[in-house]
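Both complexes below contain subunit A, partnered by subunit B and then by subunit C.
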Partner chain A sequence: MNDKIKIIAGLIIFVAICLSPFFMGLGSDSNKGPDPVISETAKKKGKCILEKTEMAKQHMVILDQWRNSVVRDAQRVYTTKDGKRFDMSLSNTCLDCHDNKKEFCDRCHDYASVTPYCWDCHINPKEVK
Partner chain B sequence: MKNNRRDFLKIAGVAAIGAAVKPATSAYAIGEQFVPEGQAENKSSVKKATKWGVVIDTNKLTKELMHKISKACHLEHNVPDEKNIENEDHRNPNHEIKWIWGEEFKHAFTDKTDRYLADKFEHIEIPVLCNHCVNPSCVKACPTKATFSREDGIVLMDFHRCIGCRFCMAACPFGSRSFNFKDPRPGIKKHNKKFPTRMKGVVEKCNLCAERLAVGKNPVCMEVSEGAITIGDLENETSDFRKLLKDNYTIRRKQSLGTEPSVYYIV
Partner chain C sequence: MNLNLLFSLAAILVLGCVGYFVPNAGLQMFFGVILPYIAVLTFLCGVIWRVMKWAKSPVPFRIPTTCGQQQSLPWIKQNKIDNPSTTTGVIIRMFFEIFLFRSLFRNTKAEIKDGDKISYEWEIFLWVGALAFHYSFLTVLVRHLRFFFEDTLLKEKLFFVGIIETLDGFFQIGLPIVLISGFVLLAAVLFLLSRRVLNPQVKYISLAADYFPLLLIAGIAATGLWMRYIERVDVTAIKQITLGIVSFNWTSIDVMKSVSGTFYLHLFFICTLLIYFPFSKLMHAAGVFLSPTRNLANNSRMVRHINPWNPEVKVHSYESYENDFREKMIEAGLPVDKES
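Here is the complex of A and B:
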């Protein structure tokens, strides 16, 4: 029973070692997250399809809905909740405002480790002849 | 004890049915997410028909015109050309992709090969393309519903769902479909930035310019064909399009197979 102090000290050291990565991470910027650049063009052309935070969460769903409505129902006009109209097109609407795919879409996706296969077919107007 | 067991079995039975039905209903829903009601609509200029059809007047055709039609379509839809591939070792005539192209009469109409064919057919090529059949065998063959019959009669591909199994190519009696054996982009010299390319491993074919009809334009082939190609509504009896069919004798390709092609040839 006299080892009580030793045991507690040992435990504290053990826990401290286990938590050390978290303490060392504090204050460094290795955990900052991606910082996608909203291009000047996008700012000039105005609001996105949804609010910014919603867009970050929902854009893949919207794109999925768009392509089904376009390809299956020939519907090409999208009306946002506040009445703005957009042509439903990945290359010609999203990338028309977000004309910096590398600093915008790609930066986020690299961070999140997603590689949408869309660009195997869909053209980035800036990259092709 | 006895009662408890009965109850347990009842609940287990109901749960088993539920477990069996749930995946079946969600499987049906896969990829069927559409824009919510009221937020998506057609462009006001959209061209609509009850059943789209095509009439091709072979009397107005020349080989040069055929070449021009094919080229215009392929440019519009980013269809690759083997000749554009820089590295000659990578060119392969078997990898050719075609949406609309010219065939000799005897190859286009395999069941109408007369021994003494009218002279005029020796000098032209018959434009062949997807027939947008009323009973399309490709649609029945497609395991993912990537190829489907749209209500207005266009047999369309949803490239997003194509897994490249090529059942549709085996099923199509007209050879209207091509497979991307390799990345098509090196074969495209100049891109139409309004239309996507395809990728290695998917099948493709004529879409009757669905993307142009949706914004009120006629198909490219019709526009450059100097009157040889006309599209219209097969079910609109009073249209000029139907008048073409009334005034002329027309044939269709491999009619005996029963796929009911929507492409009619004036011969």
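Here is the complex of A and C:
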């Protein structure tokens, strides 16, 4: 059999697919990373419910726990380590200080191509439809 | 314990220690940027080299394995998929082989029963495990494209990545959403490994080259799950590194230092797999396309296949022989076809 042409064609397609991220990424400066903006309201408050590094890692877990706690147990109060109490609410508590979803939440989520399904149910109070 | 298994385990442990501890000793640049380039280059060149070596191998005649009735008289029903005589049949056969592992589906196991009777039983679990493993691995691979393309491109053109991720997280368990493929991948690879460890017959024929890739992929899957569900690494920093690699515009060393050792371990295992791939049994990924026992039509009784690189043979037909020696033959009284 002489299938060299077919084999080489297949190899070229394979190599092109493997290298496609390099072709598409060439010359881009997307390695800079996102720059989420802390809003003025949040800056005035000074402190979130956890430390910044903890929030970066844990915010989705906390939101999940809050949802389960509110929906299943009707338990709506979150107490921080230093005794402060917060209403468990994404739209009212989180977005109250972080009133800039576009510059805060979306910056990192978009950069990492994460599509959280918070907004399937919740709305951003600041967002005019 | 089996020496082959022990050797593979030791190799994984050594590689794991290197991948976890060494990058944090100030070698982030090497393990996070240079090694991935070396790995991708080795992988691609190695695959091309292996495939071209196969392409050069002579396949002068049709050697398909026939698993059914071949084309014969019109009243004998041909098995058109398992014994194809046309290109269409071959394409269908290859499709089933590549996408559904048809030949593995027929896997049997031999057992001695009632003391002296040998029995062959259909054994489907190897096929189930293989199917789960390969498809979950493919899903995981496609999902990882989100680290190698910018978001706008992913949303506009490569939307299948998002669709696959949504389907993968169909059950919407927890946050970050549990993506089933990762767990299926780890479970399937551990099942395939347990088969080689627990089944004495399979263990007997297993080599280090069988255990090592399974353990390596288990390591990749485990570190991946660990990063997503337990350690919760900084995804934006990791995407800065990966996008930096593909754009040849590397991210700052501070970002590279901020990422945890588990990421470097994961990356190091993947680089090992990429470098190991072309020189191992994992090349069955390309080999499945090039198996002459599968990709040739069984038409040996319809078409005369002449070896294309046969040298031209100088023949001396009887006619020309007689022309050369006619007079001498007549002289000796031998019968000839044509008198002078």
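Observations on the model:
Please note the rule applied: the second predicted complex is superposed on the first by the 97 of 129 C-alpha atoms of A that agree within 3 Å, B and C clash if a C-alpha of one lies under 4 Å from a C-alpha of the other, contacts with A are read in each partner's own complex, and residues count from 1 in each chain.
Here is the rule we use: a contact is a pair of C-beta atoms (placed from the backbone, for glycine too) under 8 Å apart; a residue touches a chain by one contact, two chains touch by 3 or more.
In this text the structure is predicted, and so the values were computed from the model without any measurement.
Of the two partner chains placed by superposition, only subunit C is touched by A:Lys32; subunit B is not. Once the two complexes are laid over each other on the shared chain, residue contacts for A:Ile7 go to subunit C alone; subunit B is not touched. Of the two partner chains placed around the shared chain by superposition, neither subunit B nor subunit C is touched by A:Met55.
In the superposed model, A:Met24 makes contact with subunit C only, not with subunit B.
Touch criterion met: A:Pro125 reaches subunit B, while subunit C stays clear of it. When both complexes are overlaid on chain A, the residue A:Ala112 reaches subunit C alone and has no touch with subunit B.
With both complexes placed on chain A, subunit A has more residues touched by C than by the other of subunit B and subunit C.
In the superposed model, A:Leu63 makes contact with subunit C only, not with subunit B. When the two complexes are overlaid on their common chain A, residue A:Ala16 makes contact with neither subunit B nor subunit C. Across the superposed pair, subunit B and subunit C both touch subunit A at residues 61, 64, 117. Subunit B meets subunit A in the complex at residues 31-36, 38-43, 46, 148, 150, 156, 158-160, 183, 189-191, 193-194, 196-200, 210, 213-215. Subunit A meets subunit B in the complex at residues 61, 64-80, 88, 91-92, 117, 120-123, 125, 128-129. Residues 1-4, 7-8, 10-11, 14-15, 18-19, 21-22, 24-34, 56-58, 60-61, 63-64, 108, 110-117 of subunit A are the ones that touch subunit C when the two sit in their complex. By the touch rule above, subunit C contacts subunit A in their complex via residues 40, 43-44, 47-48, 51-52, 54-55, 59, 145-146, 148-151, 153-155, 161-162, 165-166, 172, 174-177, 232, 234-237, 239-241, 243-244, 246-251, 255, 289-290, 292, 296, 308.
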